[in-house]
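In order of appearance the chains are A, B, C and D, and numbering begins at 1 in each one.
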Amino acid sequence: MLNVAIIGASGYTGAELARILCNHPNVRLTAATSRQYAGQPLAQVFPNLRRKTDLICENFTTEELCARADLFFTAVPHKTAMDIVPDLLSAGKKVVDLSADFRLRDVAVYEEWYQKHSAVELLKEAVYGLPELYREQIRTSRLIANPGCYPTSIILALAPLLKAGAIDPRSIIADSKSGTSGAGRVAQVGSLYCEVADGFRAYKVGGTHRHLPEIEQEINTFLQEPVHISFTPHLLPISRGILSTLYAQLKPEFNHADINLLYEKMYAQEPFVRILPENNFPATQYVRGSNFCDIGFKIDSRTGRIIIVSTIDNIVKGAAGQAVQNMNLMCGFTETAGLETAPFFP
Amino acid sequence: MLNVAIIGASGYTGAELARILCNHPNVRLTAATSRQYAGQPLAQVFPNLRRKTDLICENFTTEELCARADLFFTAVPHKTAMDIVPDLLSAGKKVVDLSADFRLRDVAVYEEWYQKHSAVELLKEAVYGLPELYREQIRTSRLIANPGCYPTSIILALAPLLKAGAIDPRSIIADSKSGTSGAGRVAQVGSLYCEVADGFRAYKVGGTHRHLPEIEQEINTFLQEPVHISFTPHLLPISRGILSTLYAQLKPEFNHADINLLYEKMYAQEPFVRILPENNFPATQYVRGSNFCDIGFKIDSRTGRIIIVSTIDNIVKGAAGQAVQNMNLMCGFTETAGLETAPFFP
Amino acid sequence: MLNVAIIGASGYTGAELARILCNHPNVRLTAATSRQYAGQPLAQVFPNLRRKTDLICENFTTEELCARADLFFTAVPHKTAMDIVPDLLSAGKKVVDLSADFRLRDVAVYEEWYQKHSAVELLKEAVYGLPELYREQIRTSRLIANPGCYPTSIILALAPLLKAGAIDPRSIIADSKSGTSGAGRVAQVGSLYCEVADGFRAYKVGGTHRHLPEIEQEINTFLQEPVHISFTPHLLPISRGILSTLYAQLKPEFNHADINLLYEKMYAQEPFVRILPENNFPATQYVRGSNFCDIGFKIDSRTGRIIIVSTIDNIVKGAAGQAVQNMNLMCGFTETAGLETAPFFP
Amino acid sequence: MLNVAIIGASGYTGAELARILCNHPNVRLTAATSRQYAGQPLAQVFPNLRRKTDLICENFTTEELCARADLFFTAVPHKTAMDIVPDLLSAGKKVVDLSADFRLRDVAVYEEWYQKHSAVELLKEAVYGLPELYREQIRTSRLIANPGCYPTSIILALAPLLKAGAIDPRSIIADSKSGTSGAGRVAQVGSLYCEVADGFRAYKVGGTHRHLPEIEQEINTFLQEPVHISFTPHLLPISRGILSTLYAQLKPEFNHADINLLYEKMYAQEPFVRILPENNFPATQYVRGSNFCDIGFKIDSRTGRIIIVSTIDNIVKGAAGQAVQNMNLMCGFTETAGLETAPFFP
């Protein structure tokens, strides 16, 4: 049994990590930190976890933490993460960082979208934790930059097409919709029930969301010449789930069967990607609570575009579940360990 | 007081018509038809209407109907509408038809997307009931083809740009999201609470939704050469509301101020279109229950695209409210009569 | 046109007051105060109100306020209300206070459940603003204590039975369920979308909610000997609406027809109370956005109990709408002015 | 590995059984029947199950079924169950019946609330499948009558109090609220999203719901003299979850500590009952997707009543999960096998 700890356990991602880890066959959850709830049982902060964990939230020093666990999930805001992670690594620990701090390989891009980076040397070392693209590097890494939720839904949907050169990358438009848990467990008027329920809105319109450079970084790994794409996030009146609708100009030599083959070739063996049959399209409610990414697509011959629709549970495959999948790879566990639960519906 | 009737009063559009008309200062609602609920008070079918109307749903013949009212709202499925409307017109009545039967001017297009048309001669006469584009024709028409909900949200958002030639029409992508009332008050598994709540899905992906030819027809009135566009509808877990996110390549000579001017020029005097200030974007919850269409936009200089976001309440401006606005114009009433209620929030 | 002002316009009740008043035929809304949003247009705080009001939220002194209006709605928290109201009255103004500060006639009870009262002399003068019980006093009052939302739903349902001595008052149990707008527009974790949606909970169990003394005060006006009752509030995943399920031991001499007569006698002429036919029961969605209170009941001969179910929209009949109804009475306007909109469904 | 089958797999309970069983360590799901979806993969009917099961829904004869499995879950409507179960038992199979057909021990009561019973001889043999009350009988039974959802939430909450004689049974009032999945996956207007969302209603008011005789039967097992109680079900705008608020007159000799002891004594060792600390009350969102029943209580000294609040997930502990718990007992598996997943929140 590996001892693991969650740094930042009082957000929705931290709670989901705890939920998954308390049933994981290979690990023991030995610490959960929270400044705000220090001294309180984690199962009091998240009563769903009663009887599942006896952990008390504490405000540990890094030293104390290092004495309690060998692998850490840092589920803290960006900036905070890069203050903590170097010390954990120096102490010989493994880290899956769920913040944005180690996702962008180019420090200039990071500093343009966030702020000054204080652990630049680790950017080269960190592996972008999307197992479907970087599985082998993940296995041997000690620092995983766990992908953002929107990027996961978008990159998985586009990768086979980009790899095969099947679409014009300049034409890519990603219209994404996320559940409200993506806004975090933060007391703010905009996330109140009455502001969100029975409503729907776009936000960060016009290429201003911080997940955009991360999406473009991964798209551009497939291209000779970097491109910019359109990305519009929206806020859904649901708790969990992201659905991305993707548009791109398809090269005329590809038909439905060709595209299907590209997806099958890349994902048929993947434990957590499900390619849907023709004329089937995903829905967030069919991946809820699971680590699956569902993908469906359709070619519109009238416009020459392909439309791809992908869904994930934003706090599972988009955060905590993918982090556990990464841990499984880093530690030689079965890749699906702790992540077998079927999506719950309704 | 004008006597008016609703043919097909047992759907959500019929109920909303009744709700609006029972408080309208210039009309008296004198008949409501429903095969399914014949003999029942309308206020029993829709208990929100108790004390607001004493009407009994009945299964009237056209003759009986003609004796009871002078203007008719036909809120029945397509095909049924074209069976009824000619007789009403022959009897000298005015009609606002909320079905799709008279929206497409080209009978070939209608028959490609629907079925054989049995009242072809009326297609030329029917006026597409979008007051912001066809106000003068509406005033003198006896047959209004009330626009579809998706088309209303899309055409109002694009018209000023198309008119000015500010965008490349071939690049238009409409990613639309609708509340569940758009699926009608029909007993089907796909519309059950447990299938829709806490979920989100795309449907009719790849240019297959029947509102597409209607959208393209209106877009093409602004163009020399007809285009096809991309349109993807999605199902939101809300009752009322449509939000359309529109993407198009902007001609480089237009900046934010130019575009704003185009919108202001076209809509500043419109009673039901609200153009939002820069960096403000609409949300369905701010138009709920009202006849407003809210529009916001942003230019993304990285990609050269403009992104426009528009919202309406699908059963008000997208159906019943717009129908009443059309009636007001046809009958010389104040255009906003019966439609002054502010949107309710939360 | 009467000039009216809202003190505390940035909460849900304030917003609903603004929504109703901006369409009211007899008043002009001339001021809206908000410390937090001072300087911002009210229609920016609540974008549903765009085009409906140009008011700017400001942090007026009482003097400035008195120069701007003749009747005030104080939609501020308790304690704050009793700091403001005396000055408004001294300046000759009328006040509808939506806080709890003037609802309890017995200062000792107020101080037991809230805190020290600083305007005790006004308690005698204030009229409890439930028009169905106190219409005549309201007409001539200058200070209305607008009832709480839960009490409105409960007292209206019980009054005819208590008045006739038809039930054992000691047996009363009120199991009430409220929408989340009742928790206010306050940034707190417990009111976040993700905490409330797809969930349901009881709170303040065991007779500890501050609406209880108010409910008992009004019940006891019908009795020789005061009683305590059971009251359990619950939090519904809806924005608007309260449903109270009430249980009481019925005196054996009363049957369904007798009880129905009691309700009809008391409420048949009431513009905002709808008594449902036998075997019909209310639902919050049928009063949404309206000032109606719907009431249905059933006698359970197996247990000898009567079960009464009542619904209101908590921010209309439970707050802003009832406040406007009170203003209408105080000012000699038509009692239903501004409140005619039919409930919206769905 | 035990071969098990689901008869009636196309409802929400059937789907949840499949979801649990496909991850169960001791069983293999070998058949799923559905008349409506015969020939379709179960994972097409419920796309959340893709990759989790390859089963095809079929319309098997009883003979074919008996060749495929050794234990059956009958998730069919009452009446249908009693047509099937006798043949399965005759063939030597074990059955967990999720219908109401074998829950009532008194055939006269069954026939009063349902219809003629065609397998009366089995009523004596069937064990009421509430493990917390009947664990030992369940272990050796071949026919389990799986409890109704409302009864489970109510009986578990009351049993310790009834057993100790701590409350007056005649005073019991059960005010229960259920998620919409309880209405089944049936195409009917009343269960549509637009009818249920953002709303709340009571139904079957006044002691007319068919779960009432089942509740009273189990209450009366603790009493010398049978009683009738009050039970009012309500429909919540959530998919999963039941919360019951229970009221009873407490014998004056019991205080909080006494009552807590009664609950602890009965449930401390129970794997699926969680008694909450003082002043903590359950919420449906903390048991969602799990087999837990959470119970909290409060004594109201003002009225002498105890208020108990209990929650379950209606399709897990209220149906499919409890059925699996029963199977585990019948077959000698670990009682919690397949049911370890922590509740998911949010």
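Criterion: a residue touches a chain if its C-beta (ideal position, glycine included) is under 8 Å from a C-beta of that chain, and two chains touch if they have at least 3 such contacts.
All values reported here derive from a predicted model rather than from experimental measurement.
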If you tally contacting C-beta pairs, which pair wins, B-D or C-D? C-D
Farthest chain from chain C, comparing Cα centres? A
Hey, how far is the Cα centre of chain C from the one of chain D, in Å? 39
Please report how many Å separate the Cα centroid of chain A from that of chain D, as a whole number. 36
Please report how many Å separate the Cα centroid of chain B from that of chain D, as a whole number. 45
Return the residues of chain D touching two or more other chains; collapse runs of consecutive numbers into ranges. 12, 181, 194-195, 197-198, 237-240, 282-283, 285, 288, 346
Parts of chain D lying in touch with chain C, wherever the complex brings them together: 173, 175, 177, 194-195, 197-203, 205-207, 228-230, 232, 234, 236-241, 243, 245, 247, 281-285, 288, 296, 298-300, 302-303, 305, 307, 309, 346
So in the complex, the part of chain C that touches chain B is made up of which residues? 12, 15, 19, 22-23, 46-52, 181, 197-198, 239-240, 274, 276, 280, 282-283, 285-290, 292, 294, 340-346
Chain B-facing residues of chain D, complex: 12, 180-181, 185, 187-189, 191-198, 237-239
